[in-house]
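In the two complexes below, chain A is the common chain; its partner is chain B in one and chain C in the other.
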Partner chain A sequence: MLIYIFLMVLPVLFFLKSKAAFIVQAFSSLALLIFSAVLLLKHEYNSIFMFHSSLPYLDFSIKLDSLSLLFVMIISTISLGVSAYSLNYVYDEDYHHKRLFAFIYTAFIASLLFVVTSFNAISFLIFWEIMSTLSFFLVIYNYENEENRQGGFLYIFMTHLGTAFIMVAFILMYLKTGSFSFENWVHVELDSSTKFWVFLCVLIGFGTKAGMFPLHVWLPKAHPVAPSNVSALMSGVMIKTAIYMMIRFYFYFLSDIPWWYGFIVLLLGSLSALFGVMYALAQHDLKRLLAYHSIENIGIILMGLGSAMLFNSNHMPLLASFGLLAAIFHTYNHAIFKSLLFLGSGATFLKTHTKDMEKYGGLIKLMPYTALFFIIGSISISALPPFNGFVSEWLTYQSLLLNNKIDINIIHIFVPLFASMLALTGAFAAACFVKVIGISFLGSPRSDGAKNANEVGKYMIWGMGFLAALCVLFGLFSHIVIALVAPITSLLLGVDVSSSTSSHLFMISTPNFAFGHLSTLGLSIGFAVGIFILYILIKKFGNTKTRMCSTWGCGQLNNDASNQYTASGFSQPIRRIFAFFYHPKEKIYPTLRKKKYFFPTLEYKAHSHDGVESVYTLVLKVFVKSSAYLINLIENGSIHIYLLYILITSIAFLVYAVRGGVN
Partner chain B sequence: MQTLLMALLQFFIILGISPFIAGLMQKTKSLIRGSIGPSVFQPYFNIVKLMKKEVVLSNQSSYISIIAPYIVAVVPITVAGFLPVFDSNTLMSFSGDIIAMVYILALGTFFLALFGFDQGSSFGGLGSSREMTVASLAEPAFIMVIFTFALQSNSTNISHIFDSMRGDIFFNYPVSSTLALMALYFVTLAEAGRIPIDNPETHLELTMIHEAMILDASGRNLALLEIGSFVKTTIFLTLFSNIFMPLGFYDTNNIWTIGFSIFIYFIKMSTLGVIIAIGELTLAKLRYFRISDAMMFGFVLALISMVTYRL
Partner chain C sequence: MFSDFIELIGAFVLVLAILQITSDRLYFSIKVYAVQSFFVSISILSIGIYSSSFDLYVSSFLTLVIKTFIIPYALFKTIDEMKIKREIKAFVNITNSLLVISAIIIFTFLLTRYINIGGSVIAKEIFPISLSIIFIGAFIMVSRQKPITQLIGFLTLENGIMLVATSVTYGMPLIVEIGIFFDVIVGATMASLIIHHINHDIDDMDATSLSDFKE
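And now, the complex of A and B:
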């Protein structure tokens, strides 16, 4: 136990030597990863460490139960890859004050680890705030940039809004149980109105952190402006801590929840998923696109969580464990592939000096490893077989399908609708990543930056390669993750999910084996055998010659890169079909003030607004305007009025004193 | 051993019949138009011919152009291993169900779209953009149809769904099943790239979708891509025919009944091929931005089918 805490804080001590800090961080993450996996698989957990301070209520308690251990694993997996990556990235990108960077970075990871292991409301909140503040500093690390400051301030504002709701939930729990320790909150009996308020506050508070629709507005602004390794940690891990607390509350603390709690979570999840992916499609800033995909994937996780809550409220623990498996599996997967993609985007950003996809192109030949890892990550996030994203999305589909076993009409009608929203989400995600890969890695370079790009340093490749390898590993051997999740379902629901879902070797199935099963290993062997046979056939009977020549340009000779399709062009059909959603503003205008008869050079601008953001802006505008009006009414700058206020106040006090207010 | 042989046999039947179906559709269209048209076996000759030609690739292309055709071909071939013709033990049934099937097919589309981008020409990107849009729009209807069938037969296992369809499900839920099949018809048209969604005969910039992506393919690459598209069409027709016309015998050991079932499968597939070809001739291709309406119609049909099943 003490080793654990030691490993968590060890890297912070090395911050004076920034390189050493990253190395130590990588190794301590590796150690934590192995320890946690061993503890989980050997069922040796639930150790607790208490530290009582002299202040009232302020107790620190760290507990490693199965849920915490799995999230420690998630954090340390990602931090291992990202720390290795940072060894090159931070120096190549040449951030100023590297010691400061290393300190904030290592402390941020430590705070993440403490957040998921804290077993006391007060200590949880302390680490939660440390985590939020440190990530805020990392977001505004390049504070000279106006965009960074704006994103950062929106982030710190939203996250504190969320924390306020979290505090309300904690206080409600405290009032009912008389204790801040999570031990005393387990399956607590609450009356239905308190339960509802706790549910709602948790949903809003942690939903803000997770980037759930409609509380996501900060996410696409804050994540893209942070340094790429930090974006990877924030998108991959930090927003998952919110999922962790949601699981804790909805499955561990609250009991006997009504069915519509799960339905609300499911609804918000499907809205987040669809909303996130549709805005992702319209982006051509690579990091912002990935940030919108985080919203999408949080939505998919919430869908799994919501369906598990539906089962749980109908006392179907076996099926609930299946839904929970889908949610946790997708949490782990999303952490892996989203950090991988952010790291990949950081690598392209480093070498091309632009975040705009329209200026990439042809990078697969110049940065082969980065491109390969990015393609693996893209296949995973698009939920295509045989990689990990597909397995968890399949589990989510199956758990939605199984929701029909609950005998409530609304569920029967709406859950298939949510499933088809999930299908649309998956298809859009695939379209989006075809766009990303096609525009940025394939074809010919579209700018000088892309022309002069070269492969990144070896530690960056290792970091990305580690995560890419995990994408493949978890896809093909998904029963590993099921074995890791099984202790959690035993803890929360009393059912071991591994016995019902991975009863057959290298196969995962629904609790009822005949209902549906999947073997990604079998599939990939099928693919491999098929490709091998086709290859042999062509080699034997076909023609294997290949001639290279320049791309056909319809007879035009100036065949330059600008003839290629653009990212905006790629998503234009979808923008147009869903125009009611995007409200796109497209405009073509001449750059110089020439009349159209003189062949002016034209410029095209397309812009789409985040609808939710404009609602927020509207509300804030009304709020600020009306409060400004009130202030203006009271403080109108005339000294006579102020004297009058003083007079009125003193008279009021006098009256109060005379009437015997003061003894 | 016998099971494996049966599984292999039906796998190769699906593979073998797929170019024939494409040829049959072409022949039907030619005959109705009043021309003689190529032989129904022309697609087989085409594949052999293309295999023997050398590949011309753009110097902008990368290894994606080399591996993508293999993946595009092998994905539908793997899915063909899921589908039963006369025996419910299929070659690949252990490795996935009908939900997995949707996503495996999407993997092929994904790499096909990447292939379009890899040449660095504007046609490829145009085709990829259109194909991904159409595929995205078809997906919700497809999943909704699959959910309906899965709930009706209480399984996502493909053989099991077909089995229960041959039982009494169709007569128990006639309205729901019919609507689901109508929706599936729209999905089939979209995924197989037929009129009114896409016209496989045209190479006009304004209208082509699938052809635009493979415009730069040649030789064995083109052959592989063509195999992929033939098998994909056959998969959808097999799905359709097995659910819509649940005739033939399953799981028998008698050589005559097996032969009869294979014969019935041929008849079913040919009938569907002819029906789709006639449908193509009587319809005009939709304007690209009207495709979303057609897909939305398909989705609404699927939704109603789900609701009617539940009520």
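And now, the complex of A and C:
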């Protein structure tokens, strides 16, 4: 236990030597990963470490149960990859104050680890706030840029809004149980109204952190402006801590929840998924696109969670454990492939010096390893077999479809709708990453930056390669993850999910009802054989006459890069079809005024608008305006008026006291 | 019998507070304040004799020295330096002020009928009297424009507090009272200094012009 805590804080001590800090961080993450996996598989957990301080209520307690251990695994997996990546990235980007960066970075990872292992509300809140604040500093690390500061401020505002709701939930739990320790909160008996408020506050509070629709507005602003290794951590890991607490509350603390709690989570999840992916499609800033995909994937996780909650409230623990498996599996997967993609985008950004996808092109020839890993990540996130994203989304599907077993009419009506929304999400995600790969890695370079790109340093490649290898590993041998999740389901629901899902080696099947089987290994072998046969057939009988021309050149032999297909061109049909949703603003205007009639140079700009954001802006504008008016009215700067306030207040209190307010 | 005497003294203090409202000359205001403080010190002294408490002798002596002599002297100096005799640019003129404070006095007497003071009470009627004085002081602070008059309003308010603290019960602990005296002294000194500076810098002895400095 003490070894654990030691490993968590060890890298922070090395911050004076920034390079050493990253190396130590990588190794301690590796050690944590192995320890946690071993502990989980050997069922040796539930050890607890208590530290009582002299202040009242302030106790630190750290407990490793199966849920915490799995999230420790997720965090250390990502931090291993990202720390290796940082060894090159931070020096190649040449950030100023590298020691400061190393300190905040390592302390951030330590706070993440403490958040998921804290077993006391107060110590949880302390580490939660440390985590939020440190990530804020990391977001505004390049603070010279106006956009960075704005994104950072929006982030810190939203995250504190969420923390306020979390505190309300904790205080409600404290009032009912008389204790801040999570031990005493387990399956606590609450009356239905308190239960509802706790549910709502947890949903809003942690939903803000997770980037759930419609509380996601900070995510597409903060993630793109942070350094890439930090966005990988934030998007991959930090928003997962919110999922962790949601699982804790909805399956561990609250008991006998009504079915419509799960339904609300399911609904919000499906909305986030669809919304996130549709806006992702319209972006051409690579990192902002990935940020919107985070919203989408949080949505998918919430869908799995919601369906598990539905089963749980209808007393179907086996199916509930299946839904939970889907949610946690997707959490792990999303952490892996989203960090991989952010690292990849950081690598392209490092070499081309732009985040605009329209200026990339042809990078696959110049940065082969980065391109390979990025493509693996893309296939995973688009939920295509045989990689890990496919497995967890397949589980989510099955779990959604199995919801038909619940005998409630509304669920019968809505569940097919949710499943089809998930399908639409998958399709859009695939389209989106076809766009990313096609525009940025294929074709020929569209700018000087892309033309002069070269492969990144070896540590960056190792970091990305590690995560890419995990994508493949978890895809082909998904039983590893199921074995890791099994202790969690037996902790939360009393059912071991692994015994019911694996009938044959390397094959996953849905529990009880022979609804579907999946073996990604078999699938990929079959796929490879099929491709081979097809190749032979084409060679043998096909038209073998080939003509070489550049990619995206539409078959014409021209060499001008600007004639290629563009990212906005690719997504233009979808933008048109869903115009009611995007409110696109498209404009063509001449760049040079005097050449208006003779060979004008035209520029085309497409901009889509986040509808939810404008709602927020409107609300804030009205609020700020009215409160400014009120403040101006009350605080008009005259001493006499202030004195009058004091007089009136004291008279009012006197009257109140006399009128029986105080005996 | 004794309580009647204390209540008589309290009535004098109240009358002086009302007189304070009607005055529109600074010298006169300060003199009224000095006399008022004198009556407060007599009230404290008599309670001290009645209850033979040494603390109250000290407190009475301090009231006499500080409030009847030192503070009025300092205020006279300030006024002399600033060469202003007449002031009282009031938001509420004297006639209306009198109406308002008569309403205040009726209100406090009505209000205190509902209050039950536990423990041994020397003079029950002192309570509404001193409450009225407190509110009159606050009213002076609100309704007068010049800082020096506001300062006098504050001092009147403080006299009311002193009266209620010593006469309704047997006084506060000595250390608290000494603390209050220091507060008053420091407050009066600071205020005189600041008033002096305001006068010097913006050539206008008017607290309303302070709002020009707002942000």
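Here is the rule we go by: the second predicted complex is superposed on the first by the 600 of 663 C-alpha atoms of A that agree within 3 Å, B and C clash if a C-alpha of one lies under 4 Å from a C-alpha of the other, contacts with A are read in each partner's own complex, and residues count from 1 in each chain.
To be clear about the criterion, a residue touches a chain if its C-beta (ideal position, glycine included) is under 8 Å from a C-beta of that chain, and two chains touch if they have at least 3 such contacts.
Remember, predicted model here, so these are calculated numbers, not experimental data.
**Student:** For A:Phe180 in the superposed arrangement: first (chain B), second (chain C), both or neither?
**Tutor:** Neither: A:Phe180 stays clear of chain B and chain C.
**Student:** With the two complexes superposed on chain A, say which partner A:Leu643 touches: chain B (first), chain C (second), both, or neither.
**Tutor:** second
**Student:** More residues of chain A are touched by which partner: chain B or chain C?
**Tutor:** Partner touching more chain A residues in the overlay: B.
**Student:** Who does A:Gly438 touch here: chain B (first), chain C (second), both, or neither?
**Tutor:** So A:Gly438 only meets chain B here.
**Student:** After superposition on the shared chain, which partner residues are touched by A:Tyr250: those of chain B (first), chain C (second), both, or neither?
**Tutor:** After superposing on A, A:Tyr250 lies clear of both chain B and chain C.
**Student:** Is A:Tyr4 in contact with chain B, with chain C, with both, or with neither (first, second, both, neither)?
**Tutor:** A:Tyr4: touches no partner chain.
**Student:** Just to be sure I read the superposition right, which of the two partners does A:Leu654 touch: chain B = first, chain C = second, or both, or neither?
**Tutor:** Touch status of A:Leu654: second partner only.
**Student:** In the superposed view, which residues of chain A touch chain B and also chain C?
**Tutor:** After superposing on chain A, no chain A residue contacts both chain B and chain C.
**Student:** So in the complex, the part of chain A that touches chain B is made up of which residues?
**Tutor:** Its residues touching chain B are 361-362, 364-365, 379, 382-385, 390, 393-394, 397-398, 401, 404, 409, 412-413, 416-417, 419-424, 426-428, 430-431, 433-435, 437-439, 441-444, 507, 510, 514-523, 526-527, 530-531, 534-535, 538, 541-553, 561, 563-566, 569-574, 576-577.
**Student:** Which residues, counting only chain C, touch chain A once they are in their complex?
**Tutor:** So the residues of chain C touching chain A come out as 91, 111, 114-115, 135, 138-139, 141-143, 145, 150, 207-208, 210-211, 214-215.
**Student:** Taking the complex as given, what residues does chain A use to touch chain C?
**Tutor:** Listed in rising order, the residues of chain A that touch chain C are 636-640, 643-644, 646-647, 650-651, 654-655, 658-659.
**Student:** Within their complex, state which residues of chain B touch chain A.
**Tutor:** 51-60, 62-64, 70-71, 73-75, 77-78, 81, 92, 94-97, 99-100, 102-104, 106-107, 109-110, 113-114, 116-122, 124-126, 128-130, 132-133, 135-144, 147-148, 150-151, 154-157, 160, 216, 219-220, 223-224, 288-289, 292, 299, 302-303, 306-307, 310
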